[in-house]
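Next up, some structures in structure tokens.
Look for chain A in each of the two complexes below; its partner is chain B in the first and chain C in the second.
And now, the complex of A and B:
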């Protein structure tokens, strides 16, 4: 794994969550078996330039509801699936852009596609898959990247 | 009363910008929202806005195309446009500024970022 990319992911996730949700994020180092998320809600965002791949974000539904409540200042009963998906998409869009800014040289242009709902992380047989786990209020979530090569 | 148009395909992002504007004290403001560039352009043609805040990456018509159309029309060329983007870097910022953007902000946008870029508009 590229150390630059690894650091970029951690920085982007922490900064995005702190600025958008005012929640503290703790990176979780891999240990033992891969953690399982409860009722995972997922989104993917294609990268189209300078490499082709996808960023992924999966959060447990309970955590996503808390985040949406914070962002929208709404009661839990008012939070519907569309609000959850839109919140997830905006978080991923911001995180992915931040990762690319941090990982690539300053003058390197890059392009992202539009976010889409995802059920699970899927990679083609010739693609790599990376996941970075984080924790908010004892809730685990992860950011993923799939593609033939890392952007850096 | 100032009229501000927020163009973003994300409801969450539009809400977030609204909150930022409230935090920096833009209270005497009428806010309108559009979900993409095409919708925003139609609203601009029909209404009188004092400021456009637009996302860059949107379906149907993206923010760069919207900016170009606003700035090349004599009727709307004076409309201040702030572009908010997740693909921020110096080259892209230079390109957007050369098209006539007042400012380019990179997500996640904070109230302080908006205040810095809009202070003279608010005070003016």
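And now, the complex of A and C:
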């Protein structure tokens, strides 16, 4: 566990959602049973430097639709899967970049891959997995990281 | 005549977010042009002459750095100011962009105030 990384994740997620979607985000500690996201929509983003790993973002579909409606200023019926996936990818791309900027020393370079759709979080046997939960309008979602080690 | 802006980003979502941030920053553009990569932008610039260009760096087909190089070599468009929008780490790539003629940069996620302070003096 890394307090620096925890703070970076929380800051990045709150900043990204507030500035990109104008929605308030509240960090949440999961209590009791594993939270279940309804119709989870997932995306992963590889990290290639300074460590090898992946960021993950999973939102319940209803929440992602609301976010896309806000961003695109469209009715629900006009929001298709391509728009949802693009919205998810851009959110994760921005969150991941911000996390790395906040967590790493200022002169430390980092490199991220291209986002891709994901059905569930997957970690290799020799990798750790950590998730951070958040809430928007009583909808839970999470950001995850998998890899042999955290970036910091 | 109203002002024009060209937004270059391979993400449709990000182009929409940038458009909205421009409005919330109080920067009113009569025309907002959009291009999915540098090559599409160059083709568009044969016909359109925006007052300012906002460009992502990492894009397929032609990235933001290559776009800057091609733009600098074209007398009809080389003087249009460009601001880079990026999640990139470090200053190397931003320095490279500035050396190729970019007038500034904004890191994602950005606030309307950051958009206003970076673009306000360029248009």
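Remarks
We take it that the second predicted complex is superposed on the first by the 152 of 152 C-alpha atoms of A that agree within 3 Å, B and C clash if a C-alpha of one lies under 4 Å from a C-alpha of the other, contacts with A are read in each partner's own complex, and residues count from 1 in each chain.
The definition used in the following text is that a contact is a pair of C-beta atoms (placed from the backbone, for glycine too) under 8 Å apart; a residue touches a chain by one contact, two chains touch by 3 or more.
None of the values given here were measured: they were computed from a predicted structure.
On the shared subunit chain A, the superposed partners chain B and chain C overlap sterically.
In the superposition on chain A, contact of A:51 is made with neither chain B nor chain C.
Once the two complexes are overlaid on the shared chain, A:98 sits against chain B and chain C alike. With both structures placed on the common chain, the touch criterion links A:123 to neither chain B nor chain C. Touch criterion not met for A:150: it reaches neither chain B nor chain C. When both complexes are overlaid on chain A, the residue A:23 reaches neither chain B nor chain C. Once chain A of one complex is fitted onto chain A of the other, the partner contacts of A:86 extend to both chain B and chain C. Common to the chain B and chain C interfaces on chain A are residues 15-16, 19-20, 71-72, 83, 86-87, 89-90, 93-94, 96-98, 100-101, 104, 107-112. Taken in their complex, chain C has these residues touching chain A: 11-14, 16-17, 20, 87-90, 92, 107-111. Taken together, the chain A residues at the contact with chain B in this complex read 15-16, 19-20, 71-72, 82-83, 86-87, 89-90, 93-94, 96-98, 100-101, 104, 106-112, 114.
Of all residues in chain B, those touching chain A in their complex are 9-13, 15-16, 57, 59, 85-92, 106-108, 110. The touching residues of chain A, counted against chain C in their complex, run 15-16, 18-20, 68, 71-73, 83, 86-87, 89-90, 93-94, 96-98, 100-101, 104, 107-112.
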